[in-house]
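Common to both upcoming complexes is subunit A, partnered first by subunit B, then by subunit C.
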Partner chain A sequence: MLGIAGAGGIGPFMWLVPGLAFASFFVVLFGGRRMPDRGHWTGIVAAGAGLLLSLWGFAGLATGAEAVHRSWTWFQFPGISVGFGMTYDFLAGIMFIVVTTVSLMAQIYSTAYMRDEPRYTWFYAALSLFTGSMLLLVLADNLVQLFLGWELVGLCSYFLIGHFWESSENSSAAIKAFITTRIGDVGLLFGTFVLFIGAHTFDIAALNRAAAAGHIGQGVLTAGALLLFLGAIGKSAQFPLHVWLPDAMAGPSPVSALIHAATMVVAGVYLVARMFLVFRAAHAALDVVSIIAAITMLIAAAAALVQDDIKRVLAYSTVSQIGYMMAAMGVGAYSASIFHLFTHAFFKALLFLGAGSLIHATGSNYMSDMGGLRTRMPHTFWTFLVGAAALAGIFPLAGFFSKDEIVGEALRAASSGRQITAWIVFASAVVSALLTALYVTKLCVRVFYGEYRGSTILHESPRGMTGPLWALTAATLGAGFLGLPVVGVFRHWINIPGEAAPGFSTLYNLVLPLGSLVVALAGVWVGWQVWARGRFVLEVKGTKLAPLYTFVAHKYYLDDLYLNVIVRPIQYEAARGAYSWLDRRVIDGLVEGSAHITGRVGGALRILQSGHLQRYLALLFAVLVVVAGVVMN
Partner chain B sequence: MSNSLLTLAVFLPLAGAAVVAALPSTAGHFAVRVGCAFALVALVSGVVAGAGFDYSAAGTPQLVVDARWIPAIDVHFHLGVDGVSLPLLELSLLVSALCFVYLQWRLPEPGRPKALVALLLLLETGMNGTFVALDLILFFVFWETVLIPMYFIIGLWGGVDRRHAAIKFFLYTFFGSAFMLLSFLAIYFTAGTFDITRLTAHAPAGFGGVLGDVVFLGLFLGFAVKVPLWPLHTWLPDAHTEAPTVGSVLLAAVMLKMGAYGFIRIAFPVLPQAAHDFAPVIAVLAVIAILYGALCCLAQTDLKRLIAFSSVGHMGFIMLGIATMTEIGVNGAVFGMVAHGLITGMLFFVAGSLHERYHTRSIPELGALLSQAPRLGSVLTFTAIASLGLPGLAGFWGELLSLLGAYSPGPGLNVVLYRVLMAGGGIGIILTAGYFLWTLQRVTLGRPSERNAALVITDVHALEWGAWAPLVGLIVVAGVWPGLVLGSTVGAVHQLLAGIAQ
Partner chain C sequence: MPVAYFLVLSSLIFSLGVYGVLVRRNAVLVLLSIELMLNAVNLNFVAFSALFGAHGAAGQVFALFVIAVAAAEVGIGLAIVILIFRNRSSVDVDELSFLKW
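Showing the complex of A and B:
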């Protein structure tokens, strides 16, 4: 213990956290089914211990312990050296807390939620594997190791989305998620190549240093950063690769909370944060990030407004909120971005687990089968309400401070005249904030108010589920205060590497937050009037808005476009063309044809077809004799 | 003593074949056990050889045996292992032994274990010998030795269309090796030796211009058919599909590697100038193979044929690595060869076991394997995931290094072309994931059909575990610790490329 209390605190031992999770994976996978609890305690204890270690480690950092960098050689030979190491700093520390907290909550929750579901033990094994892989990704000190974690979390996501694989709808959603993100992953891989060949290292810190010092050419930087960002677009469900996330809701709710809200889907934001100096040194890259993010937050927020499936509302909401985080990175609001990542993890996990509780009780995913649940499910209601208010950005909840900072920083960047893109981000963020308040209000009203429209006998969920809801509610309430203007410490912990935190300014830290609060409250008020009071009936049929509504309701036709223009033609037409026509008819036709002719001419085929070993050996021998004869002469 | 290890590893199976052939025809399954014993002892001698291998001098052949064989034309019985041949020799020894373990669980129709075992052992000698021969004629003899047993294994123990597949396999390869032999002779007459070490230490003079290209073309035909490189691949789907399980396993895991090994060991080092001319062509064909293989996989309804086409794609990554003419790419290629051997060997084992249970290879007729035989389904899932190149498993490193090599190819090669090819390989990675996951969905997921629900599906048998556990274990170990293979190959590849660069 004394040793641990030395220079780096517990920091150098943080590999224990993923280590515990991986150990838990193997224990549960191979021994879980023989355990009386079917394995869940192993996972819970590993995640719980991981959370304690993460808090301990973070406390160390906050009280002045040095960030930890360690690296060992994985393999090397002339021209290449791949390391395996760890970087434990504030950024990693925050991620550790997020991952272990939400993992722990999701696992406790699942003891009740998944109790009667098939493959319970495997489910827990996969959750542990996911937790370990995500932490491995976070801890990586080089891009190859990051890629390892990146792919492993993708695999776990695939397994867990398709957990109920009896239905092909679920397994198809899993495949869609894996393939769509893999498009991005290839970008990440190639971006890694570009930077490696440009700077001769995979080391993340070294790449950032080299980029900041101008040692890497502008072309390499831009190509590298954009390719890395392609990976982020896939993993973090940004336009135009966001289409997998709504379908990924086929997975059980705790999976949606852990993987598809709080951790894996924000890996793209984490990647941009880790490589921030590379992105910033390549100016075009951050502009691209901003534009993509601005589009994403807006279209996803609009899509959330027209969904009836409660989990899909939350999924689009997640896409939109990650858009905020990305946009913040794009305008240089590094601290605000990670702060939003941090608070969003808690309140969105809370909302997904709440949605799971609702689905558990009503037996339906659809808001049209709910209504009036406020009194029947009070724990779910109150906790959900806190999460919803946080998402909508209502003071004094988490989302208020974090989203608000993003809007503020976008305006700061825009008004400093540096980036036109910052104006776009600002406008998009304001409009999206309004849309967010609208869909959140609609969600709450449709689920909790009015008359119950379903047919099941309602009951509040068991304590195994409400417990984590309350815990996440507490986290949501608490997290926001870390980012308070003036007294908030978050920005001192996490900021653009090597730069001081931005100071207080009346405009950005006082006026603007009030303005954005007004926007959010306006959204809530309009939403309440529309869905609770029936004041303004939003009848779009027959109006000029009808085509727009159809466009949004059909998910901008992106799924149809991808399916009919890319996937199906490759899967069927191109595949059949390659095989049936080119391979069988043309290439093999030529081969078989020429063999046929040869056979007729030489009669060789008849000898070969006889099937006697002796003849073949004789033939071989004859060939050798001829060869030897030729050689001798 | 240690110098006889290689001879043992190569010829013990041949001795085993003789012993098995001498058994009475009533020996039955005893023959399988005898064969297994010989293959295991050969494996042990190979492992001992590997343990005693000096990895710091991986570039020079070790455990050398060199005796004059046909003095008139200076042909030597010359064996030796360096860091490139060692992992392939071990792979061949291991997979052969595992095939005998598997045979103890199931013999393919129509039985006749004595003949099958003898042929498999003869085949093993040919494969092992190919990887350690250091004389062109000796190499050729081993190379051709492989052909005949495999012809019979396909033709006698294969599926419905076995005869056609066997003849096609034979003629195709024979056609290729005829040109290869002519090139060997041309090398001899120009350079005055068949000795591979002498030929590669200093690339022989006199192969500038057209002669070098023509000789290289001959070697190319011989090796490319074996790889197989698009468009010389069409024997492969037929042979793989019709061959019995152990035949498919050995074909995929070991025999395809002989072609790629030929490029690395002979074609590139002996004819560096011609190799340089041909490398872009090979690279283009390799990437076509990657994309084409993936597309053909999407069109398959036969599980074994699908795995066969997946091999075309994976061997494309390997050939791309070689064609980059960089240390990164060639190391990636050798790593990819070992990984493909482990993974695709495993895939064919599982496909065979599925056929034993469901009596069909048709993907639409299979389904819900995970609900009927969860362990078998899990093994198939694991192997497919490994095959699509997941980091942490063996399939990843070869593809990574091949593509990285292509991003920055060797001196004098067209960077733009290779980068375009790298992008093509990237698309191949996505398509590969696509067809494997789609296959898993159709084979392992869903609810059992009426037909399948009526079958009694047993889960993995102990002997199946015996044959598979080493492969599964090595897939993980090579993925987590790539040094297992690279520790051996790096020095040898360095040496080979240094020779080429001169």
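Showing the complex of A and C:
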């Protein structure tokens, strides 16, 4: 089946972008080591060309070209047909720009950051593979293809978190990330099956149509949506499966920027956006999304406040910000959610690359080894400051507009209909905004102000690193204006499929933006007073808050819970009987048994193969005589 | 002359050849034994052709072919024997069991 919906300019050729990335993967993997540059130019050129194509394709969409839907039959059983196709619309277009931009920046940055590290060529090959897989996921027109990309990005994430696998800490972080997200992936897979049972198709557009038209039973629909959301929880590090993301910071900083901040971890949000009509048609699904996201954004923002490792602060911040996106989806603020995804990708990638620059200079991940870097690393300082301000939601940076829109939409939803969950989302969004401003201020003060507490000789990072920082700073400064009420193009590009663009909330007058700006500035002011001026001393030891602090600092004991309740029993007691019997007797029995039989048969037959030419000939003549005798009779 | 004379002689030579191929230990003599077998066949060809040749000299032409092929075969065979001798300093067929695993 070959369905072409309108001629979309460059649109039908957007498969070239992941294609280029995959090609780059193979070229770098097999030829990279023989290249004088060790393979990085191949990856950079592929990502750069991908970015240009993405911008071209998006410009086509923005000037009125139709979205492209194409599908070919991939494989087929009676009653089940699985397609392989592409959907290139505004949502995919935005994701293409985000992925290729951050990928390009991370790869340019890595030429300097990873220069002296082991497995440089493999690093670039894996980055290309990741880029291609992520774009494959985004371009997918059906859930099976999406699952393929989904698993591939998980695999790349595993490779890259464990890039420095010589340290067992890093490789166990990689394994933790892989297994934790795999729990979610089981949900995604079963959600796909359940929805297939309901609608007899894997096609995303068809599923959404069927759900919106009420052709799928409510029970099946709810189960399917919740299972899909389980996949999103795993991949997008939502409570209670968020535990892998802070540990994933064991990977190199460009990887954290690309995979664990800007692109892969927002795949869950993308999934909810793609299946939005399914989620909305199911009764409880969006409420579950809202509640989980509200919990996530709060606890992650609080956890970010007590971390000392700069990348872990940013990792918790990422978890919290993805909570914002999910919560926005939950209250139906589709456009605001994707807008926040878009702006967050730029400023969070900027922050991670900046953190990498700091780590490169100080040789430590810990804020207690930094301090006073403002004057020594001016490029890093100014770019980081812009990213931090955007994260805190300071006007007029990207984060301000997108976060503000989410808060506004939550308030609108709260005042119309689905009250309780929307109020929860609104409240936790406001509190999280305050916490965000606090930890961002703490981060900046501890790193850039005061006296230098480390021991290395400081230097500004090379141009290969500061260049991408400035480029992302420009994106951070500019991206927010796409969603400005006056310009307002973003919500015309991205909105709930099949519906007209919503107007700006009636509350979007001056009060709301001013209110959230006041909240953010209050957080910054308090943070400044506490950590820079030392006006208040935040001493929790001995007070009533001490248990709470311990609770947060121990990551809510979730890791201990998982370790003691799930991992340990499987490792030891419960598994011993069943596992050893099944494994030793049945599995090993089958494997070893077949080898044994083959060996016996071979042993019997090898007598014939003596290697003596004359025995072969004697056998030949004997058989000949017998055959001749038989034929003559 | 009755055809039986030729057949008896030919089968004697052929059996001699088979015996040589199977029992002789020197590779050169094995090759010579193969020649004996081929010539036994040639004898049959010529005898049948001369006594019952309804189609001209077809059998004799065939014998010539066999001689030509035998010459090529012995050329290759001797070359192999020489190479084996260079490698192993021996042409004892019993020792040539190194082709098996």
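Brief remarks on what is shown
Please note the rule applied: the second predicted complex is superposed on the first by the 566 of 633 C-alpha atoms of A that agree within 3 Å, B and C clash if a C-alpha of one lies under 4 Å from a C-alpha of the other, contacts with A are read in each partner's own complex, and residues count from 1 in each chain.
In this section, a contact is a pair of C-beta atoms (placed from the backbone, for glycine too) under 8 Å apart; a residue touches a chain by one contact, two chains touch by 3 or more.
Only a predicted model underlies this, so the values are computations on that prediction, with no experimental measurement involved.
By the document's definition of touching, of the two partners only subunit B reaches A:Ile175; subunit C does not. When subunit B and subunit C are set side by side, the one touching more residues of subunit A is B.
Of the two partner chains placed by the overlay, only subunit B lies in contact with A:Leu148; subunit C stays clear of it. When the two structures are aligned on the shared chain, A:Tyr557 is found in touch with neither subunit B nor subunit C.
In the superposition on chain A, the residues of subunit A touched by subunit B in one structure and by subunit C in the other are 609, 611, 613, 617.
On the side of subunit A, the complex with subunit C involves touching residues 609-614, 617-618, 621.
In the complex of the two chains, the subunit C residues touching subunit A come out as 18, 21-23, 30, 93-94, 96-101. If you check the complex, the residues on subunit B that touch subunit A are 70, 72-73, 141, 144, 148, 151-152, 155-156, 163, 167-168, 170-172, 181, 185, 188, 231, 234-235, 292, 295-300, 326-328, 331, 370-371, 385, 390-392, 400-401, 403-404, 407-408, 422-423, 426-427, 429-431, 433-434, 437-438, 441, 445-447, 482-483, 486-487, 490, 494.
Only residues 74-75, 77-80, 144, 147-148, 151-152, 155, 158, 162, 165-166, 168, 171-172, 174-175, 178-179, 182-183, 186, 189-190, 193-194, 196-197, 570-572, 574-580, 582-583, 587-588, 591-592, 595, 605, 608-609, 611, 613, 616-617, 620, 623-624, 627-628, 630-632 of subunit A touch subunit B when the two sit together in their complex.
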